[in-house]
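Same chain, two partners: chain A is paired with chain B first, then with chain C.
So, the complex of A and B:
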């Protein structure tokens, strides 16, 4: 079955779709903003340029998906990005904290890229036809990010200190990375038809892909369960609240908000 | 140094004919050193220039503005990359040595970045008017006698033109916005007027290196010429267009002399800031030093500097 027009779609489908698209957009929004922390202070000038590029891509993806949500809900992508409380955000907790160091950045962003690619593929294979083109466009850009991450993992793993830092970052991030694949809405989105692949199977695909990258440099991923608290149901850290407060500072002053 | 001693192989004559020279040629030591100082200053200015604006990226009040300001600050880092590479072609210093010079306080960068970007209007102002000023300066330098520098600047000027558009868009939005937005813009102009005019460097009579740089064709327009050109072709017309009050009651256009006259700028203050006494000198160097030192291990792992 395919859905090409939401007006004729079942309410449960629309609700599940909206919740998942919002989670995608929030993920990109939070990740994009976090990556901006490196602009101007990255490890090398070359990396400064590269990481800023990636940040802009993620922010662009956020806008694409907020636009999709705004078509379902009354509202604008601007309101979605700037006017929701932290509890209303559905991003993964993996993305919230300020980066500890470059290894933490590489690990968390790489996990995000792989997880996002698995999810977008499942979204493109779901029942909602109009999202396929959007998902494909984003997937094409993400391929470059994933490659960028793999090069850094290989590079850092070949250095004694780099390797230690990678291991520490992986220990910290992995349970949250696994919790990426939790439903953002009330119903199971794959059963509702939003995804062409169940969340558990998406998680397995993620573990296989990301895990094999880490294993290829001799690192094993922690044997842990997905984190119990997930951002998908609105359970966030203070880091998200601080980040969002920062992004809203000028907006809330009503300065230059019309752009 | 007399011109006879450095007219080896007719080098001086070629420069005077407006020829551009390549690093593979037999360039006089004095020429290389003058070029090194100038280009290193420029590269440092780009890398330090990312710092005042970077904190405004996350605060940008719309997703569109956020991508634009991120791209703008990213470009500055990219310009630093290009310019350090150009400087390295002179064969005198590696990039790592230049960055160490900067962090140890042995090399200067544009004074204007030692002032604080306090508001979103400042972020717009810098993109429009500081980058606008930089375009006049750099535009003239595309005629510089050092060919790699001239080539690098053509790319850089092209990108700066997008920054100016982004900045002017913010300026326009504030100028046509609420009273509060207009006041924020006016406040930015009030604070940045003097540092902006001083961006072009000391007055011609006071400039230590200018004559040498002009002699070598490394610079083609003087500080005062560029300052006038910027005032006449960009700064004053834009401020007038957006209804901003110019913070100098004595400003007037001298028809006879064909130039803008303005109240004397505080050049003692300029020197003080240049020697480390500006409001943000320490903060800028602390931030750059931290970025450099915290990531020593990354560069070692990657085998780069």
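So, the complex of A and C:
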């Protein structure tokens, strides 16, 4: 079954689709903003440019998916990005803490890129036809991000201190990374038809892909359960609240001159 | 507080006006394509038509729908480009209304660029994919 127009779609499908698209957009919004902190202070000059480009991509993806949500719930991407309280956000907790360590950034961003790619593939393979082209376009762009992450994992793993930091970052992040694949709405989005692949199978695909990258440099992923609080249910850390307050600061002064 | 899209916020402030269009006889989609050649990419000295970003122009009873795409989704000039397309089409005699539809179903690739775009970008100092002599010429 395919859905080409939401006007004829069942309400449960529309609700599940809206919740998942909002989770995608919130993930990109939070990740993009966090990555911006590295502009100008990354480990190399070339990386300053690279990571800023990646941040721009993630922010662009956030806008794109906020636009999709805005079409469903009659709002604007501005309101969705800046005018919601933290508990209304559906981003994964994996993305919330500030980046204070390069290895931690590489690990969490890489886990995010792989998880996001698995999810976007499932979204493109779901029942909502109009999203297929959008998801595919974003997937094509994300391929560069995962490649970027793999190069850095290799680079850090080849250095004694870098390797120690990678291990510590992986220990800290893995349970949150596993918790990425939880429903953002009331119903199971795969059962509703939003995704063409169940969330558990998406998680397995993530573990296989990300795990094999870490294993290729001799690191094993921690044997832990997904974190109990995922972020998808709206349970967030204070870090998110602080981040969102910062992103809203200029917007709230009314000097938004976007385009 | 001056908020976006509220009275006093002029999105078009500072935008240059387009040259007038003359339509010979009844308005056609070809006239609209020709008019759109005046819409340049905000960052490159090439038109959106030459770049292959305008994918479809449909004219139905005075209503025009322009379908376009972006080279990449994070393009910061998205809204500027939508607005420029809209403004350009509105200047064409016989046009009542315009819808600009941004789509990604048929994703842009460098192969969508017109030869003239490659030449102009080369002259402007851009290393252009698929320009003459490259390994991609067979594509």
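Operating definition for what follows: the second predicted complex is superposed on the first by the 256 of 259 C-alpha atoms of A that agree within 3 Å, B and C clash if a C-alpha of one lies under 4 Å from a C-alpha of the other, contacts with A are read in each partner's own complex, and residues count from 1 in each chain.
By definition in this document, contacts are C-beta pairs under 8 Å (C-beta built on N, C-alpha and C of every residue); 3 or more make two chains touch, one makes a residue touch a chain.
These figures come from a predicted structure and were not determined experimentally.
Shared-chain residue A:88: touches no atom of chain B or chain C. Looking at the shared chain after the overlay, A:56 reaches both chain B and chain C.
Contacts of A:134 after superposition: chain C is touched, whereas chain B is not reached. When the shared chain is aligned, chain B and chain C each come close enough to touch A:254. When the two complexes are overlaid on their common chain A, residue A:64 makes contact with chain C while staying clear of chain B. Of the two partner chains, neither chain B nor chain C is touched by A:79. Contact with neither chain B nor chain C is seen for A:215 once the two complexes are overlaid on the shared chain.
Considering which of chain B and chain C touches more of chain A, the answer is B.
Shared interface residues of chain A (contacting chain B in one complex, chain C in the other): 56, 59-60, 63, 78, 253-259.
Every residue of chain A that touches chain B in the complex is listed here, in rising order: 32-33, 36-37, 39-46, 48-49, 52-53, 55-56, 59-60, 62-63, 66, 77-78, 81-82, 101-102, 155-156, 158-159, 161-162, 165, 243, 246-247, 249-251, 253-259. Put simply, chain C touches chain A in their complex at residues 1-4, 11, 72-80, 83, 103-107.
Across the interface of their complex, chain C is touched by residues 56-61, 63-64, 78, 132-134, 136-138, 140-141, 253-259 of chain A. By the touch criterion stated above, chain B contacts chain A in their complex at residues 47, 50-51, 53-54, 57-67, 70-71, 73-74, 76-78, 80-81, 84, 119-121, 124, 169-170, 173-174, 177-178, 180-181, 184, 287-288, 290-291, 294-295, 297-302, 304-305.
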